[in-house]
C-alpha cells in the first residue's frame, strides 16, 4: 500500500521536481537566520519606521521563503495557491471592514469613551512606571480607572 | 434493512479482506460513510425534536401568556430566554448543519462521484464523535444550575461574557464549548468532503459532470472553512472572558463588544448560505428527475452558487446596521447586500425555467422540492426589506426579521431535508416510503408553516420586537388584534408539529416494512442510483467501479427510447 | 403598508415608510410574477400520457432571453432600492440637522433613565430633569439624543418614530428625531439584555408646547 | 487497519489526497490565526498605551524561540528530503530532532511564562497580555499537536512505511513555524 502511495506521490506531486541537495536547504536556513538577526537588531536603531520595516517586512520575506523552499509551494498545483490566497484575502477583508469600528475610537455620531479613557490612563500610567515590576500596576490601574470613568460620568449628570 | 444489506454485502468486502462487521463496528463506530451519514441524520432528528419542543414551549407562552404549558410548565423569563436561544442554536448548528451537510454530504458524495468511501474514513468517524460530544455538552448546558444560556444565539457580550449579567455562568460557557466543538467537527468533516470530491471522482467525471448536490456541498464546506476561523478565535476569547476573567470584549478595560459582533457575523452570514446551498443542490437533483428535464443552464447555476457564496462574505454587517457600527460603513454593506439578490434570483429563475417543457410528476419528493422553491422565494424577497439600510432601521429585531429568516431556514432545514429524505430513502434503506402518508405530511406541513409566519410578518411590522416573553409591558403592541395573530401562529405551529408524527411513522415503518426498492426507482441518471439499494460496504463492485461518460442531467434526450441516460452507461 | 399599522410620528418616518413601500411594491410585483410563472409552468407541463419532455440545455438564446431580460430589470430595481435606502439612511443616521434641544438616554438592566435639559435648555446644568422610564419631548422640535449604557447592550427603539439604535456600553452614540404627532407611545428595548429584557419598557410622551411647559414647571 | 478505500488512492486534481487535505487544513488555520491576529492588530494600533505593556516582553526569549523553530523547520525539510530518497531511518531520526526542537521551544516558553506570571503579567493583567497568552497559547497547542504527529509518523517511517507522511507533517510544521514568524515581531519586537 505504502509503495503504491509513494508512486502516486511521485507521479503527481513531484514528477518534474528533483530532490534538492542537503546544502540547498542549509543555505535557505542560513539566509533565514541572517534575516532573523536583522529583524532583532533593527529596533535597536530606534527609528520607528525602520523597526516596522525590519520587523514586518522581514517577517513577510521570511514567511515567503519558508513557504517556497520548505513547504514547496512553488511546485504545487495552482489550485492550492488559490485557496490559500483566498483565506488570506478574507482576513484582510475582515481587518479592513472591522477596523473602522474597533480600531478607531471615534466616528460619525459615535465615540468610544471607554477606550479613549483606557488609552489616556494607560499612557499616563505607563510614563510613570519604567520598572519591570511597576509595569504590572501600570497595567492594572488603568483598567479600574477606565471602568469607573464612564459610570462616574453618568452619575454626575 | 439488515437482511438486504447482508445479501448485497458480499461485493465490497472480499476486496478489503474484511470479516463481517459486528453490530458495534457497523452501527456504533462505523467507518462506512453511509452509516456515519445515518448517524448524523438520526442525531439531527433527535435534536430537531428538542428544537421543535422549545419552539412549542415559548410560542405557547407568547400566545397564552402565563399559562402552564402542557409538557413544560410555566415559562419563566429566564426559561423563555434559554428556550429562544437554544431553539435558534439547535436548529442551525445541530439540525441544519448535521442533516443537510454532514448526513447527506456523507451519504451522497462518495456515491454520487462513484467512489467506494470518503477519502479519510477514520477522520469521518472522528468528526461524528466530536459532533456527538458537542450534542452532549449542549444537553448538559440545559440542565446545569442557573439554567441554559439565554443570551440569544448571537451571544453578544457583555451579556454573554459575564455571569453577573447573564446569570447563567455555567450554561453560557457550556453552550459556547458545545458550539466550538461543533465547529471542530464540521471542520474535520468539511476537509474530508472537499478532498473527496476534488480527488476521488470516478474516471471520466469532469467538473461539468459532477451532480449539483456535490458541488453545492463542497462550496458550502469551503465557505464554512473560510468563515468559521475568526469565530473559533472569538469563541476562545469569549470563553477566556467568561472563565479566566480576561477582557477581550470588556469595555471597562478599553476593549470593544462590537468586535464580537463582527467575529460572529463574519461567520454568521456565510453560514446562512452554507446551509442554503446543499438544499438547493437537492432541489436541482429532484426537479430534473421528476420533470424528466435537463437542468436549465448547469454552468450558470454553478456560477450563481459560487457568486452567492463569494458575495456572502461581503455582506455580514447588515446584521449590525443599527448595532453601533459606523453609519458610513452601513452604506457599503447595503450595496453588497442588495446585490446578492442578483445571483440568487438568477438561480431561482433557472430552477423555475427547468420546469419549462418538462413532464412533471408530482410525487412526494417533487412536492417538497417545489415547496422549497415557493417558500424560499418568499423568504428571499422579504430579505430585501432588511438589506436596505433605510428600511432596516424599522424592521431590525422585530418579528418581521424572525418571519423572514424562518421563511428561508424552514425551507432549507426542513423542506430541503424532507425532499432529500423522501428522494434518497430507497437508496438509504432499500425500501420505499408510503406515498399517501408522504402527501399527507407534505400538505400538513406546507399549509401550517405559512400560517405561522405570515402573521409574524404583520406583528413585526406593527412593532413587536423579538425575544420578549410577554408584551404586557408595551401597551402599543399588546393589542387584541396582534394577540390574535400570535395565537394563529402558535396554533399553526402545534398543527405542524402534530403532522410531523406522520413523517416519523412513515420513516421508521417504511424502514422495516416498506416495499423493497429497486436500485433505481426514480429512473435517475446519477451514479448513486446505479449502485444496489442499499449499497453494500464499498458501494460498487471493486473490480467494476463506475466510469463516467456524460453529465448528470441527460433526461429525455431525443432519439433515445429511455427518457434517462445513466452517467456510467457507455451508450 | 406600515402606516396602517403604526402611524408615522417623526419627520423621517415617512421617508422610511417610503423605502418600505418601494421595496414592498417591487417585491410584490416581481415575486407575484415569478410565482405566477411557476404555477403556470407546473400546470402546463404536468405529466401527460405519451408526451415526452423537451431536451433543453439552457444555452438556447431564444429561451435564455426569458431569464435575462427580467434579470436585467431586477438589477435596475436593485439600484433604485439601494439609492433610496442609502439616501434615507443618510438622513436618519449620518446627518444630524440643527437641533433645538438635547436628551441623554442611559440604559441599564432593565430600565431607561432619561435626562432632559430642563428650563435652561442646556445639558449638564443643575436644572436638568432626570426621569426613569418616561421621556418627555415637545412636538415639532428637533432633538439630539446621546445613548449610553451602564452594563450590557440595549437598543433604543421607538416604533412610532421608526427609530432604532443599539446602545453600547463604553460608547456615546448620537442621533436625532423630530416628533410630529402628540401622544404617548412605546419605547422598547430591542436588543437581548438579559432576564428582564421583556420588561425593559418605557414611554415617550410627546407634548404640545403648553403641556410641555406645564410638565417643566411641575417637575421643578 | 489495513482497510484503505479506493477513493483515497485516486487523484483527480493531481495532488496526493492526504497532501490536499493538509493544504485545506492550513487554509482553515490561516483564518483561525487570522481572526486572532486581526483582532490583536486592531487593538494594538488603536491603543498606543499597549506599547508600554509590550515593553515588558522579553525579546531574548522570543529570539531564542524563533531560532529554535527556524532550525527545527530545517530538520523537518531534511527529513522530507530523506523520505524522498526512501531513507526511512534518517527521515525518522530527523523528525525526532524536529520534535526535540519543539520540546526546546516549549521549555523556553514555560521558563519565559513562569517569569512573566511571577512578575504579575498574567492573562488578566490587561488586553495586551490577554492577547499575548492567547495567541502564543493557541500556537503552543499547535506545536504540541505537531510533536505528537511527528512522533507517530517517525514510528512508521522508521519501518520505511507511509513515507509520504513525512512531507505532510513537515508542511504542517512549517506552517507552525510560519505563524511564529509573525507572532515574534507582533508580540516582541514592535514596542
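Brief remarks follow.
A, B, C and D are the chain letters, set down in written order, and residue numbers restart from 1 in every chain.
In this text, contacts are C-beta pairs under 8 Å (C-beta built on N, C-alpha and C of every residue); 3 or more make two chains touch, one makes a residue touch a chain.
Computed from a predicted structure; not experimentally measured.
Looking at contacts between chains, the pair that accounts for the most C-beta pairs is B-C. Subunit A and subunit D have centres, each the mean of its CA atoms, that are 14 Å apart.
Annotation: 34 Å between the Cα-based centres of subunit B and subunit D. In terms of their C-alpha centroids, the spacing between subunit A and subunit C amounts to 40 Å.
Rounded to a whole number, the gap between the C-alpha centres of subunit C and subunit D is 49 angstrom.
Touching of two or more other chains is recorded for residues 93-94, 169-171, 173 of subunit C. Looking at subunit B, one finds that residues 226-227, 229-230, 247, 251-256, 258-259, 324, 327-328 touch two or more other chains. Under the contact definition stated at the top, the residues of subunit D that touch 2 or more other chains are 2, 11, 13, 15, 20, 24, 27-28, 30-31, 34-35, 38-39, 42-43, 47, 126. Touching pairs of chains, sorted by label, consist of A-B, A-C, A-D, B-C, B-D. Across the complex, subunit C meets subunit B through its residues 1-2, 5-6, 15-16, 19-20, 23-24, 26-27, 30-31, 34-35, 37-38, 41-42, 45-48, 51-59, 63-64, 66-67, 70-71, 74-75, 78, 81-82, 84-90, 92-94, 109, 151-153, 155, 157, 159-160, 162-171, 173, 185-186, 188-199, 201.
For subunit B in complex with subunit D, the touching residues are 16-18, 31, 110, 115-121, 187, 191-192, 194-196, 198-201, 205, 225-234, 236-237, 240, 244-248, 253-255, 259, 263, 538, 542, 545.
Within the complex formed with subunit B, the subunit D residues making contact are 2-3, 5-8, 10-13, 15, 17, 20-21, 24-25, 27-36, 38-39, 42-43, 47, 123-124, 126-127, 130-131, 134, 138. Residues of subunit D touching subunit A in their complex: 2, 4, 9, 11, 13-16, 19-20, 23-24, 26-28, 30-31, 34-35, 37-39, 41-43, 45-53, 55-56, 59, 63, 66-67, 70-71, 73-74, 76-78, 81, 84-86, 119-121, 125-126, 128-129, 160-164, 170-171, 174-175, 177-178, 181-182, 184-185, 189-191. Across the interface of their complex, subunit A is touched by residues 93-94, 96, 104, 106, 115, 123-124, 128, 130, 148, 150, 169-175 of subunit C.
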